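What follows is subunit A paired twice: with subunit B in the first complex and subunit C in the second.
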Partner chain A sequence: MFELHRIPEAELESGKYVKLWHGPQHPGITGNMSLELTLSGDDVVECKTHVGYLHRGFEKMMERRTFIQNFPIVCRIAVPEPTFNEYLYAAAVEELAGIEVPDRAQWLRCLNLEMMRLASFLMWLGGAAGSFGMSTVYQWTVTHRDYMLDLFEEMTGARIYHMYITPGGVRAPLPEGFTERTRSVMDGIEKLLYEIERVVLNNAVFKLRSQGLGFIDPSMIDDYGIVGPNARAAGLARDVRKDSPYLVYDQLDFETITGDKSDAYNRTVQRYQEMHQCISLIRQMLDQTPTSGSFHADLPNVLHWKIPAGQTYVKAECTRGEYGYFLVTDGSEYLRRVTIRGPSYTHAIAVMEKLVVGVNIADVAGLMVSLHTYPPEIER
Partner chain B sequence: MQQLCERMTAQFDCDMVMHQKPDLSFLRVDKDKLESALVYLKTHEGFVHLSFVTVIDYIEDSFFRLNYMLHNYETAANLAVQVDIEREAASMHSIHHLWAQGWTYQRELKEMYGINFPGSPRVDEEFVLEGWDGPPPMLRDFDTVKFCEGRFTVREGRESQDVKQTMRDNIYPERGEA
Partner chain C sequence: MKLKDITSPFYVWQRAFEKTYTTAKPALERIGAHAYRGFHINDIEKCVGCGTCEEICQNGAIDMVKIAQKASEKGDSGLVPRFDYGRCCWCALCVDICTTGSLGMSNEYTWASDDPDSFRFTPGVDQTSWQDSEHGYRRHPEYNLLKLDRPEMKMLDPDEGLKSFDEVVHGFDHKQAILEADRCIECEICVATCPANMDIPDYIRAVRNQDFDEGLRILYKTNPFSATCGRICTHKCEDDCTISTFGKPLAIRWLKRYIVDQIPAERFAEILQDEISENGHHVSIIGAGPGGMTTAYYLRKKGYAVTVYEAGESGGGMLRYGVPSYRLPDDQLDKDIDYIVSLGVEVKYNCKIGRDVEFQQLMDENDAIFIATGLNQPSSMRINGEDHPRVLSGLAVLSDVASHKDPGVGKNVAVIGGGNVAMDAARVCRRLGADVTVLYRRRIVDMPADKEEIKEALEEHCNFVLQAIPVLIEDADSKEQVTIQWGEAEMVAEPGKRPRPVLQEDRMHTETYDSIISAIGQAGDFSFLPRDISDQLNQHWGKFEVDQRQRTTVGKIFIGGDIANSVADAISAIADGKNAAIGIDDFVKANVR
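Now for the complex of A and B:
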């Protein structure tokens, strides 16, 4: 239930406490946000999350643009993993418009999403190690993420904002030789992960600082709406890919990975295991993705799209958990309303403000990164 | 979901039920029955997860439609509980005591739509906007063009284009108006 850790104003003025702003430029902050910390000595006694540094009014903008014009916008909502926004917006529009997506496009979308998950995890893993002082690891993981970006460039024509998944399918099939090059990159990342296991997960300092840090009691999970690896590390087998399969996940061989304690260390182990799972899924899809057939449905002129009045909610499992798009249409050529639901909304605010109380100032960055949050999906 | 909605209709007089797909339904309750409906769904029907709270501004009919999206992990069902409230001096009962992150959504809706949630923690604190003194910017009648003209200067030599016309002329010239 809701708890406030508020210190009376009179006590704040007693001189026992220090106010410190952690961010928005702090390297330990994930993205453009800040934590207003109240410290007693080295320990945090109160925290307020501040967002808004990257507010661009995505939802408002989308209400004033036609359905197709929203495509270059949605991918910019989460820089490290834009593809989930592309997929969810496309899936919601397709559902309301009654568009059937060809089978080959479903496989290509799924491959694109899992590649995105792996690239995002690589960036996160470097940040997690870096926030505990192991910045060399960041160089390793970002190098391999760059190899993934090379693959995205081949697949979609762009490295970051792909705009590959559009209503009706995808923009292009796989280029020649892509499968072999992707396998080679997967082999490289797999080797890197074994190095990471040795250097990070078995590192005495990392263990000492991260074990027990930011412990999420299982009783918090539902009250706080905690999802994704943060919840799975606590032992809850919840994964949208398994619970409400979409795309071709029901044709792939994988099990939901769970842990037994959600603290900063075990959340790292959880994501490390999910990275291995990602590689396995990508390899399966490279074997099974059809090499012929349509990759896009025939659609009417995009300048004249009018989606029938309706409302829906579609969701997918992004790297951080349930990510969803709630769309309302009124039969015009514009959206009536869109709400984007990202896991950071609760992880970076209600959960962070609770977990950080009592934490040493030096571990705040590590705790925050262990929750894996992206501010733009909060302020949309 | 069908049976659940029937139970809800019988118990809470839902005046609208819509099944969008097998795992997603919408139902509408009166403002004063929302809290008891949410408590019932959470404690008796397994809808323990609050995915989000959002609102749709129906300015033409002078009301807001609040949406509380719930999820049941056992059945993988999503249920949106909707409530219509007056747009003028909009106010709604707080649900912060039901879900620990509920206050954050209410704080956002206060800032972006001007809907008050009396008793909700920190509901008057700035959320995304800093030093904002204008009308709530997500309202349908918030004039974004006027706001931008008043706040920003136009860069010399920059030309504005009508996106649809440009696409029509440059990308799909052969399609004409079709």
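Now for the complex of A and C:
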């Protein structure tokens, strides 16, 4: 089941193999982790993953900061999609402190999260195409991601680290004219996706290189804890938004999208379809988000906010699958313990080490991107 | 694989003709969004240096620093935040929590300099191009991290209150006290405002932690009249509470009261654990009011043998004889005084200096003397007929009521004056069953009485006649009555001063009352001082001149309380007492043996 391909030490010295470090400085968006590859010719025969290049000790740091002081920190845990961290931290604190979040804030949070998902997918799409040599596509998708960052800037006051979802609600309502501008950006992205279909998905080079690459057998899914689009592409309808709806997902019209084979190509198609779904969800929310009412609950004085002893696990469907926060409080002004578990933990380590064996060295980056991993969330 | 898969990618060329998104000069062509969290701005006129921004900053990027443009004064620490942009993460929690709304952010986001130290800057003081920016992040008016509302204090219904001398204010219940204590942001601006510099945020924290024993220890460290002040303090601290910019100030006085109310008098000694080791020196104190007893308390704790001489029957001075029991019940005052006496302070009641003991004898027998005799002589109205037998002084009425004697005011009373004594006299008369008319020469806003006293007097149906100047008091038809002539006044603006009431002689009124209570002010009686001593002491406007430690021109003599400070309230007398204890201790150590 968990058998890992390991070559005996003696054989490594035989001269048949070459060791190669892939990362941590890799120009793709595979992030600051490295793969220690053992090659035979240009085929990978063994892989060891190494993390630690990004370790900033968030979990420990959060134990020494007050509940309100933690909310600007958590967004840094997964750089390309900070909002999921903001939401999960806030939701966990609210649950432990017994705070009810106003309806309008739920809608604004949900809108923010779906916009984040789309922006994150856009960046990923550029990476996916870029790692197979199509860096032009990267320019396109990052441009449209930038249009979305402009929207975030208006909505939250910042482009990357939004710090918008605070414990209790959100910081501000939507600015004037925001809905119209968002709609026009969505139209642009929809047009882009049509082009992506022609340039990436219907591309002989992309198909030849990605079809069959990093095939995830359905039997692996539960053993390895594979979640999100990686699992859905294999036909498993597993989505936290549907399975245990949070925020306002139960009031939105969408179906879980599944595929029939999880390889690098089909995972790209899977995410391509999910981007269309994002746009639909964002449009639905732009229509339905309340324009009046409170957007922030009354909190106790945040300067000496004590939360009763307790523990909770909250989860949400981030771009890459189930993302979870486990919080323990002890009745003091500080967290007793927090554990953050992102999907990259398995996707970038155990799954990667297994799938990469037998892959051509040129496809390693493409495989890694097709799993959609963010090393920062491994090293929280 | 289809032929389409080979031709389709050439579609990329279509994009070659599209407009680019990137700009050559982003700083000029790409300005930040309206609510962008850019570089900080601070309105130093509004900023009171509460330091809450520094407190909440999770990066330690803010230091509160002294600047030349601002002085430290009451209600303003004189400090302003300095930002270290090597640490700041632009989360804007400092803006969200800013108590005065002075902090904000501009939408500027580029800053280049070859001087790394320039990135540690003080917004509002260091010149920046964005200081006056209208754009940038500001706290949304509907989003607030501060707690602005005060739990409503339960009070006796005004009509019910008139039936007895029961306490009007009920005090917070447990839930209210905890909620109210939670509002404190611990900025400590109030500590500097309190004349006695009480550790206000510390005892509020004790309420929050429900550790009332600790609360009592904190209270009595800085104020031995905490039970009293928890009820009748003029609470200047609350005027400067930083929460009051956007909301109601913390109910500091009621929280103090809540702590004391939780602890019965019998447990005071066990909790406070004041241990005395005698130092062999002796100090006498004249007057057992708040000033005198506070000095006694602190000197006794330092090991002095202290004797207090009090002309009245019991201690407390104006607190007992001037403040009616519906504001300060006797048992609360006794809590404080009994505890001070229990430390071994000797109090000689009914002992008047000059009558029972000669002042010179005190001078000879003691290492130092503290005088705090208070203002106990009513001021004259300077009009004809004020010596009429139906004209009573406000102090006399209050004193009679406090001693459970009937002052005999009758059923229809006029009170003259707008201070606390006038309000108390009026409210006491209402409780004695009289209809009360308050005559005051100025407007309500000019009244020196506490706002709450005025409000409660009005609620208790005291009839206020404002801008009324008494002119003449004469006999009425009945011997049991008295007639007063008063004229309406017009307020005339005086440059640089408060408006002056000017009598309108064509608009005179004559009314008859059962009695008239004069309460227009009090003065001190210093006849007990030998001539040679009083000649050496400096006086100004009827008050003695003293320094910060209550020292006078006569080495051994220290003076405090209402006869020395211009405020003439309990907490200032307590502050004087604290200062005098330090002054006397220094004096004795330096000059005796």
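Note that the second predicted complex is superposed on the first by the 378 of 380 C-alpha atoms of A that agree within 3 Å, B and C clash if a C-alpha of one lies under 4 Å from a C-alpha of the other, contacts with A are read in each partner's own complex, and residues count from 1 in each chain.
Simple rule for what comes next: a contact is a pair of C-beta atoms (placed from the backbone, for glycine too) under 8 Å apart; a residue touches a chain by one contact, two chains touch by 3 or more.
Since this is a predicted model, take the numbers as computed values, not measurements.
Taken together in the superposed arrangement on subunit A, subunit B and subunit C clash. Of the two partner chains placed around the shared chain by superposition, subunit C is the only one that A:203 touches, whereas subunit B remains out of contact.
In the superposition on chain A, A:379 makes contact with subunit B only, not with subunit C. Once the two complexes are laid over each other on the shared chain, residue contacts for A:303 go to subunit B and to subunit C alike.
In the superposition on chain A, contact of A:295 is made with subunit C only, not with subunit B. Legend: residue contacts after superposition of the two complexes on their common chain; A:163 is shown touching subunit C, with no touch to subunit B. By the touch criterion defined above, A:69 reaches both subunit B and subunit C. Look at A:238: by the touch rule set out above, it reaches subunit B but stays clear of subunit C.
After superposition on chain A, the subunit B segment that clashes with subunit C is 167-175; the remaining candidates among 77-85, 131-139, 149-157 or 167-175 show no clashing C-alpha atoms.
Judged by the document's definition of touching, subunit A residues 65-66, 69, 301-304 lie at the interface with subunit B and also at the interface with subunit C.
Per the touch definition, subunit A reaches subunit C in the complex via residues 65-66, 68-73, 136-137, 140, 143, 146-147, 150, 153-154, 157-158, 161, 163, 169, 171-173, 175, 195, 198-199, 202-205, 207-208, 294-296, 299-304. Put simply, subunit A touches subunit B in their complex at residues 1-4, 51-52, 55, 57, 59-60, 64-66, 69, 95, 220, 222-225, 227, 238, 243-244, 301-304, 310-313, 315, 322, 324, 326, 328, 336-337, 339, 341, 345-346, 349-351, 354, 378-379. Partner subunit A is touched in their complex by these residues of subunit C: 1, 4-6, 8-9, 11-12, 15, 21, 32-37, 52, 55-56, 58, 89-93, 96-97, 105, 137, 140, 142-147, 182-186, 205, 208.
Interface residues of subunit B, counted against subunit A in their complex, comprise 18, 20-21, 23-24, 26, 48-52, 54, 56-57, 67, 69, 71, 73, 76, 78, 80, 96-97, 99-105, 121, 126-130, 137-138, 142, 144, 163-164, 167-168, 172, 175, 178.
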